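Read through the structures below before going on.
Shared chain: chain A. Partners: chain B in the first complex, chain C in the second.
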Partner chain A sequence: MAQTHDTRPSSDRRPAPGKPAPSAAVRRRGPDLLPYALVAPLAVFIVGLAIVPAIYALTQAFFRVQVLDPPTRFNGVDNFTALADNAALVKSMVNTAAYVGIGVTLSTVIGIAMAMAVQRKFAGRSLVIAAMILPWALPGVVEGIVWLGIWDANVGLFNSALTTVGLVDQYQVFLGANRWLTILLIEIVQVWQIAPLSALLVLASLQNIPGELYEAAALDGCTAWSRFRRITLPLVRPGVAVAMVQALILTLNIFDQPYVLNGAAETGASLTMQTYFISFQNLDFGQGYALSLVITVATLVASFAVVKLVYRRVEY
Partner chain B sequence: MVRSRAVRSMLVAGCVLALAACNGGSGSGEPLSAPTSNVTISVVLASNPPSKAALDAFTKETGITVKWTNVDWDSLQTKITAAVAAKTYFADATNVDWSRVGQLGKLNAFYPMEQLMDTAAMAADVPQLTSFTAGGHVVGIPYDASFSVTTINKNIYDKAGVAVPTTMDEYTQGLKAIKANGAVQYPLNIPFAAAEGLSTYWYQTTGAFGGTVLDDKYKPTFTDPGSPGYKAAQWMVDAVKQGLVPPGNINVSDTQGQQTLMAKGEVASTFSDYSGMIGSLYDDPASSSVVQQVRYLRTPGAAGPGPNNSNPDGVGVPRTAKYPKAAAIFIKWFTSAENQADWAGINGVDKAIKGYPLPSHVSAVEQLASKGQLIGGKELAEMLKTSSRPIFPGGAPSWYPEFSRTVYTSLHSAAAGEMTVDAAIKAIADTANRLSAGG
Partner chain C sequence: MRRLGVAFVLVWSLLPLYWALNISFQTNAQITSRPAHYVPSDPTLNNYRALLVGDGDLPAQIRQSAANIVIECGLATVVTVVLATLAAYAFARMRFRGRTLLLYSVLATMALPAYATLIPLYRLMSEAGLVNTYTAIVLVYVSGFLPVATWIMHNYMEALPVAIEEAAQVDGASRMQVLTRVVLPLAGPGIVSTTIITFLFAWGQFLFPLVLSSDISTQPLTVVITALQGRREVPYGLLSAAGVLAVTVPAVIAMTLNRYIVNGLLAGSVK
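Entry: the complex of A and B
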């Protein structure tokens, strides 16, 4: 809302003829507290449930916090060195890096393709978009259970389809037998969940691109591929960057899908699963906090890198 | 003026809310002196509740109202751990699983039940009470009597002309004969998914070979290739290599194996199944295609029937409970022999708890068996009385969850061919040695 300021010297600030002079109380009125009071509950909520726990976790990462073996005491970077010596954790780091690489790449590519497919208006477009975002609305555990029925080696739908069309003569083991295949299949399930959100974010950017640019390009004889490469992709970068960051955050924190589909097996265990094991099974909260801090820092650094590499300010 | 009053009111309300949020304690006063009637207690278990009529009758009798929350087992363990770590109120009565007894006992997170009720009097009728004892204190009262038991599909055995086995050798030869006969392609169900069910399976198989996995000082007893634990691991992995176990079982959990293999007649036997599965699953026409085909078997052991490992669920009173004595009154009622028989359906489905496995009181199991209302009841009562034993004679160690995770991830890897049995055994032993030494 536009505001106007009275720039006249104070000596000129006299009441208009016929209007009463303002009282001293009104003239000396202090700052208006109402906006602060209205915002206060939200501020308390955010500080209490986000900032304070984050600071607490950050500090506790440098303490030995073992519920089974008190007391809590400062131990410097011991939690971090212990994590570095944990072979299962190192394996989970590699697994998580693979989840991130596959997940961010696939969800971005598929998200752009989905967004392009629904960019133009057509009959039933709203229904298609609604159906498209359905996997995103489902909880990860539910998706894991659904896909368990697809990948299952004894009674799975995928095996059934492969044998029906004659591609294999007996049921194959997909999950658990080979580490990289297991990671790929688990990540496909997560991509199925997060690609719709990527599509919506990219779609929002696509809608902003002026149609005149495409018309001009068509007049200049550009091919569809050329228009996509020289107009769409450069102008959709803000949406792609946001989509990639959300995919990065979700894949870096993957838990439900590997836990439901592959149990605690090291072939697919992720970093957040290790945080859960260390904190809630081993009851070593100090190391749990330390690992959470590592994941947070990794998320921030990687997100920053994606924004620097992909995001470009776009003006039409 | 009005505006200023509104601002002040909001700030005061904010402060009150903030103070309320900060007050995470369970209230003032000594909990043990809290009233035992005209109170509402919170009960959080991974179980359906008794019927409303039963709970109403309990309220009428005692003045205690029960607010029941059913939470899935895994989530419940996380919530209990979080509450224990934060020392905050979670429930007045909640789950104490056999595997968490050592951990919860060491944390002194639950009231010793012997202080709240006469546990000595129930010991004779509740043999699995020993699984809930840590440091000389009873941490929880078992409300079911789950134990490991071998199940076989008698039709498949008969079709293949294989006699009911009594030893491990006979059992193994029988499975091979069934496979050779072609009655089923893969006769044995072993849930090799990296989950708790795989650890339980190994403990039971170790028992069948005549041993336990940890000694009374919690040191590993399975490192020697001739030891029961080593033999059990080798036997399980060999069963995969010999084609006795479906290859897909590498990622099948215990419940999946029961539902998709055993209940569908895809396999002939589950060596370490759970008591009560015939009544609750295999003989349920809605979810099974092998109704009246599956039988309980005395555990085939090294030279005759082996033991049955207990893995029951219990209920205890957290130290942060608001009404511990009222909670104890509820537990006494909930776990009594006559009510357990009701929960198991002795007086009809109206009084039964859906999915209730098996009473922890031998007398209740015998009642059910004598009335013909428990499939395999006679055998189960006999096993509960004579061969059911705790997995760890001294109670589960406080570090059990970490140990078990190493067990199931290592055995899973061995079955998947990622490591040898020897390497798996070494990994498990190293973990047990480190943890038992306090590392």
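Entry: the complex of A and C
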């Protein structure tokens, strides 16, 4: 941007990276209220509608909270033991683990593939990138409805295509029949939504890799596969780590896709769906708080583990 | 290899949407024929007519929930972007007590899963008598999107050169004048990115409005269409048309303004 250039040398006045710029405030006497006025609304929202509710939920997990059957009283870990004894919930926990495993793997692989497909310039590249991020921008529940048109037992494209090419002789029920197939098909729908962000994150890392590395490798006679294994993969690790963490958080909290594609059925119900059923249908808020706490802790621990395992500083 | 990859991206991203569009232009008899019609043989607008035209229950609900989603997303986006921009300016350009703590709190709330505060926020709104109001939905959306919006704006503003702002201050501009006359025009692309991303996040919400609105007076389109799907007797053509209606706005935004989305998402996540 030309208009931002200053003709005077400004490097001496620029703040060190990571430090805020010096402003008139520093030179003035007395407390400077302007920054507080600017951040006050943000602070009110974050404290009042995120931090305090989160801490409140944390404590309420150890209370018996039933709106229709008061009183509310401390009950130690009873909510957690009740959850552990709930067979449907344990099943949902396994379902969720499957969603996470499939989702993180598929979205990372597809994300890397899509990023590599649009890595270099070609005619129409910006249109392809626009198409690529389109599924990211759409509501999850509506994507469930859209994909129902693919997986449905009566009108689905998948059934029609399979019979047209002769792989099956009649329409099959895919959703709800076999538990693992149901989970796989539902998770593909979520991957459709989250893989674009993975692709963008990987793409940003890819574009930092110096082209000379590939030229040198090509001169040394490396195959395309070994260039991918030895140059691309190690150097995109930071992008892949961030992509995996976002996929992990989103898959661990999956709700929209199984809710639309499979309803409340145990074959596909997720932990977040159970939180909703327990809290807003059984109106047992205490157990709902406890389950939310379990999901939150699992999310934080797993995110930390992924960062530890995958993230490494890259130097070119 | 490249062509194959590009073909995969296009088919994977667009085929499901093409299929919904295709079905939405077919009659029930055409949809249930086997094999399916891969292109609409005799396109009809009947599904869209049934959803939008006339004074039946269904079109009335669709119209009301479409108005609701526009109002809720619009209000939440405006409030979020204004507050995020002000806070980001303070974070990027001023030193004050508690700055680091507040910035870390922003990051911490970003790491929290969205549904961690579902129950407490519902109970808070219920205590305050705000369930089934636009206010509750907008407040919850703003609290949910403000951290990431602030983070994106903060990263944009930090990247702007300081010199021009200092020159304006030397010329006697107050800090608020520097913000409105110098920083805001320069941060324009960042503000556009933040606005689009916030709006798309809000448009995609389902569970929060499901819990916070009890009837059609505040339910957004996403909630009403999903309820439609839950009723087994609703024909699939109608459902597809409803789906197409709900994705039109975000799809047009994503296809035309994708440059801003890409920049904003990258500013918000890789740091």
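We adopt the following convention: the second predicted complex is superposed on the first by the 287 of 316 C-alpha atoms of A that agree within 3 Å, B and C clash if a C-alpha of one lies under 4 Å from a C-alpha of the other, contacts with A are read in each partner's own complex, and residues count from 1 in each chain.
The criterion applied here is as follows: a residue touches a chain if its C-beta (ideal position, glycine included) is under 8 Å from a C-beta of that chain, and two chains touch if they have at least 3 such contacts.
Owing to the predicted nature of the structure, the values given are computational and were not obtained by experimental measurement.
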Looking at the superposed three-chain arrangement on chain A, would you call chain B and chain C a clash or a fit? clash
Contact-wise, after the overlay, does A:V155 reach chain B, chain C, both or neither (first, second, both, neither)? both
When the two structures are overlaid on chain A, which partner does A:R73 contact: first (chain B), second (chain C), both, or neither? neither
Quick one: is A:L134 in contact with chain B, with chain C, with both, or with neither? Answer first, second, both or neither. second
Among the partners chain B and chain C, which is in contact with a greater number of residues of chain A? C
Under the stated touch criterion, which partner chain does A:R229 make contact with: chain B (first), chain C (second), both, or neither? neither
Using the touch definition from the top, say if A:Y171 reaches chain B (first), chain C (second), both or neither. both
First (chain B), second (chain C), both or neither touched by A:N262: first
Quick check on the superposed pair: does A:L283 touch chain B, chain C, both, or neither? Answer first, second, both or neither. first
Name the stretch of chain B, from among 76-84, 238-246 or 310-318, that runs into chain C once the two structures are superposed. 76-84
On chain A, what residues does chain B touch that chain C touches as well? 34, 38, 41, 48, 152, 154-155, 171, 263, 276, 280, 285
Interface residues, chain B side, partner chain A - complex: 3, 6-7, 10-11, 14, 17-18, 21, 77-78, 81-82, 84-85, 103, 106-107, 192-195, 246-253, 260-261, 266, 398-399, 401-402, 405, 408-409, 412-413, 416-418, 438
Of all residues in chain C, those that touch chain A in their complex: 1-2, 5-6, 8-10, 12-14, 16-17, 19-20, 23, 31-32, 34-36, 83-84, 86-87, 89-96, 99, 102, 105-106, 108-109, 111-124, 139-140, 142-144, 146-147, 150, 160-167, 169, 175-176, 186, 200, 203-207, 211, 222, 225-226, 229-230, 236, 239-240, 242-243, 246-247, 250-251, 253-255, 258-259, 261-262, 265-266, 269-270
Help me check something: in the complex, which residues belonging to chain A touch chain B? 33-34, 37-38, 40-41, 44, 48, 67-69, 88, 152-156, 171, 173, 175-177, 179, 261-267, 276-277, 280-283, 285
Chain C contact footprint on chain A (complex, rising order): 1, 3-6, 8, 10, 13-15, 20-26, 32, 34-36, 38-39, 41-43, 45-51, 53-54, 56-57, 60, 110, 113-114, 116-118, 120, 122, 126, 128-150, 152, 154-155, 157, 160, 163-164, 171, 192, 196-197, 200-201, 204, 224, 238-239, 242, 246, 249, 252-253, 255-256, 259-260, 263, 272, 275-276, 279-280, 285, 288-289, 292, 295-296, 299-300, 303
